[in-house]
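In what follows, a single structure is set out as structure tokens and then discussed.
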């Protein structure tokens, strides 16, 4: 079973990996976007880590709702509301339970990803974070490691696609050949989940 | 004896050589000035050549006065009034004569150079056009070729000097090591004189 | 760059704005710029905002006759809902608040969230989306047309409508009318450098240019080898006029992206006018300058806004902001 | 560059200025920009001019409350006497004309020639030389201190004096007083490219800056490795304040050289104010923007102008020009 501590570890592992990869995320956002994805998420997850330190919610749902709110209040851009909604909705779906199973997390995460798709209007294949999140959720039934691999493959698979949502869509066909920054950061989020699980 | 035609040839030869060397003059004006000396003189001597074509003054003095007026009316910058005054005053000193001797020209040119020194306040050694003009006038008693050589040596000799007049003075000691653009164009003017004399 | 560290660029600019403009209330910590006399009784409040780096848009357009408040985000990053909520609360006199939102996923999502939160607090909110950029043609398969230069016209004209005491629905309708009658097209001669990245956001060798750029340092739709100012004007006017098909006189905005000298911008304006005249498009008013910028990008954009008599009257109405001022 | 060919850059810009500003009479062929209602009966005419590439200076400062006419030369090249003569004739109402001349050999010589010619035609001419740049310290061995940012203050305040109907000697005295009480210092983060040369006028690698630059693309007095905005503000304020030793409140101009984003300029303004406060220099008014530019140079200059009550009143007086406008 996964407790609040596990979810805190997930968030701090995400914060650490976003810190490490911030330059790469921004660089990916340069040729097809506005060169801010790395600093956006860095700002957001630094705030998340600080808030969790300070408030230390006692339930998995509480951790993710707090994290999502922090992202919404500190990131801005497209990724702030989208990642914020992802974590908030996932957290809400987890309810008040003090511990949750991997299956419950998978189900809740699917609700979160659905909310992101509703909010942003992106479908798989549009070359967005969705392309990493959906396969990850699908694979989560097997293992965290499988989810990580699926997310990473999903991110890489955005490279030949033409972006149809977000800023990258503005460059039209010129987005082809570039890996989507949001899909890349989504893979980091899922990798951090595996890391929190010790996998 | 030198007639109006000789002075026209002097001016058109100057125009041609300024055209050829415009980029170099502008490049010299870049590190210590405002990168316009070549285009300034090109504009001016093109106008001089056109005016001489149209009006064809019949005396040496008339040619230089017209040329000087054209420079004043079309060049602007420091070099416009200075070169304009040089030619106008030289022309005035030549008076109404239909032909003048090389000695008369040397004397008139000295009056012209003096007028430039009065107008601009520069003395020899200040790293300006004066550093090419004064030795040229001094050598003109010998031959046109001697004047040309003296002007060229005078121009080269500005390189180690610190500019004390004009824009180049603003960069202070950093003007040391750069040949003065105006001294360089003055050497072209004197070289064109030798060319007009067939030397 | 003339900065301290990338992290404090926006806060530093807000402190400097406060020092220069005592007629604005600048909340540096919460990143909200409000005209000092807000809320103005009986007047609709106008709130806009977006990523920083487009100055004077939006903070420079706060003041009588234009915006009531602006929310600057990080560079090229839309602000967060908390900012818009705070701004709405500061400017609502009870007559309601209009959010003017440039059409970018981030701006739309954050303003949407703010609108929900504001309505929860009893503030009546209307929203208008600015989407004038004709370079984004195929909006079915994109995030929709971007909001660029027309934002200035929407903010100016809706600001005048609010200053006249029009009710929220009217101000919103006017703003929407301005947007629907505006189209823009931008070109870049160089990329810009964001403080965070420190180097150009994309590679544009001298001698080449990008057609159909936005205002966030993103490359355009197409790369070409260098064109003359006249050829660029032809391309821009064609793109805008073909899409807008104006029948009435137009407001013309010849906008610099940041690093293009005014000398060149005025020269470009001459070419734009030449082409408009050839096409028989009557010009009502002209604005030339750096208004909706993209940091230190070299280039320009053209915006045309077709106006009827009411819109023209509102455009001409007095405005007193750091970035745009006339009649007062 | 956004140009047709280097040869027509100035003429193209003048055509574009004419298209944008019907309130100005723009003589494209003879290169003179005159306010449409000139000569204004009973008022001294104010004429300035200089090389192009500094826009909005000077052409953008023509209008009620500021210049009567401006003469644009080629890029960074002072105009020719014929232009000033024509301008003087156009604006002289019989009350005489003041030439406002930035201190550069070329400007001085050409305006001097024009003044002689104008007086030959019976126009009373006075001249004021602007020489505010403290970077040029050793003026015994140079062409003297350059004229830079203070030109804006001289033109604005003398313009207000003329608009009040003051006689030529008074307007001249006011202009001289403004100049004597003004000092400037500039820094560059990049060189500029002139249309004729097409590439940067000097080499300035990223990560280095030039202190003590002028406005003609010339390098400065000293090269340094990159400093923070705060450190640059300290250097600029120190240079200006040590030379000016102000006792009265000052007008502050935080001026962009052309390619520095407003975002950075406002951040720089914050630092300037911090340092002024530390030094106990009281600030009367602040102006932040690209006013006295050097094409696409990145960088900024600081100008302080110490004012008494009369100068401040004249500074605050209405002005209506393309580049500076308030009170009307």
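Order of writing sets the chain letters: A, B, C and D. Residues in each chain are counted from 1.
Here is the rule we go by: a contact is a pair of C-beta atoms (placed from the backbone, for glycine too) under 8 Å apart; a residue touches a chain by one contact, two chains touch by 3 or more.
Chain-to-protein mapping (UniProt): A, B = Dihydroxyacetone kinase subunit DhaL; C, D = Dihydroxyacetone kinase subunit DhaK.
Quantities reported herein were computed from a predicted structural model and do not represent experimental measurements.
Participant: What is the touch distance from subunit A to subunit B, in steps?
Facilitator: When the steps are counted carefully, the minimum from subunit A to subunit B is 3.
Participant: Report the inter-chain centroid distance for subunit C and subunit D in whole angstrom, where each centroid is the mean of the CA atoms.
Facilitator: 29
Participant: Go ahead and note the Å separation of the Cα centroids belonging to subunit A and subunit D.
Facilitator: 53
Participant: Averaging only over C-alpha atoms, locate the centres of subunit A and subunit C and give their separation in whole Å.
Facilitator: Those two chain centres are 31 Å apart.
Participant: Scan subunit A for residues touching two or more other chains and write them down.
Facilitator: In subunit A, no residue touches two or more other chains.
Participant: Would you give the residues of subunit D that are in contact with at least 2 other chains, written as numbers and ranges?
Facilitator: 75
Participant: Tell me, which pairs of chains are in touch?
Facilitator: Those chain pairs satisfying the definition are A-C, B-D, C-D.
Participant: Which part of subunit D faces subunit C closely enough to touch in the complex?
Facilitator: Contact set of subunit D toward subunit C: 1-5, 8-10, 12-21, 52-53, 55-56, 60, 75, 189, 228-230, 232, 254, 258-271, 273, 283, 286-288, 290, 293, 295-296, 298-300, 325-328.
Participant: For subunit B, which residues count as touching subunit D in their complex?
Facilitator: 26-27, 30-36, 38-40, 43, 72-82, 119-120, 162, 164-167, 169-172, 174
Participant: Any idea which subunit D residues touch subunit B in the complex?
Facilitator: 6, 51, 73-82, 104-106, 109-110, 113, 135-136, 138, 141-143, 146, 194, 196-197, 201-202, 214, 216-221
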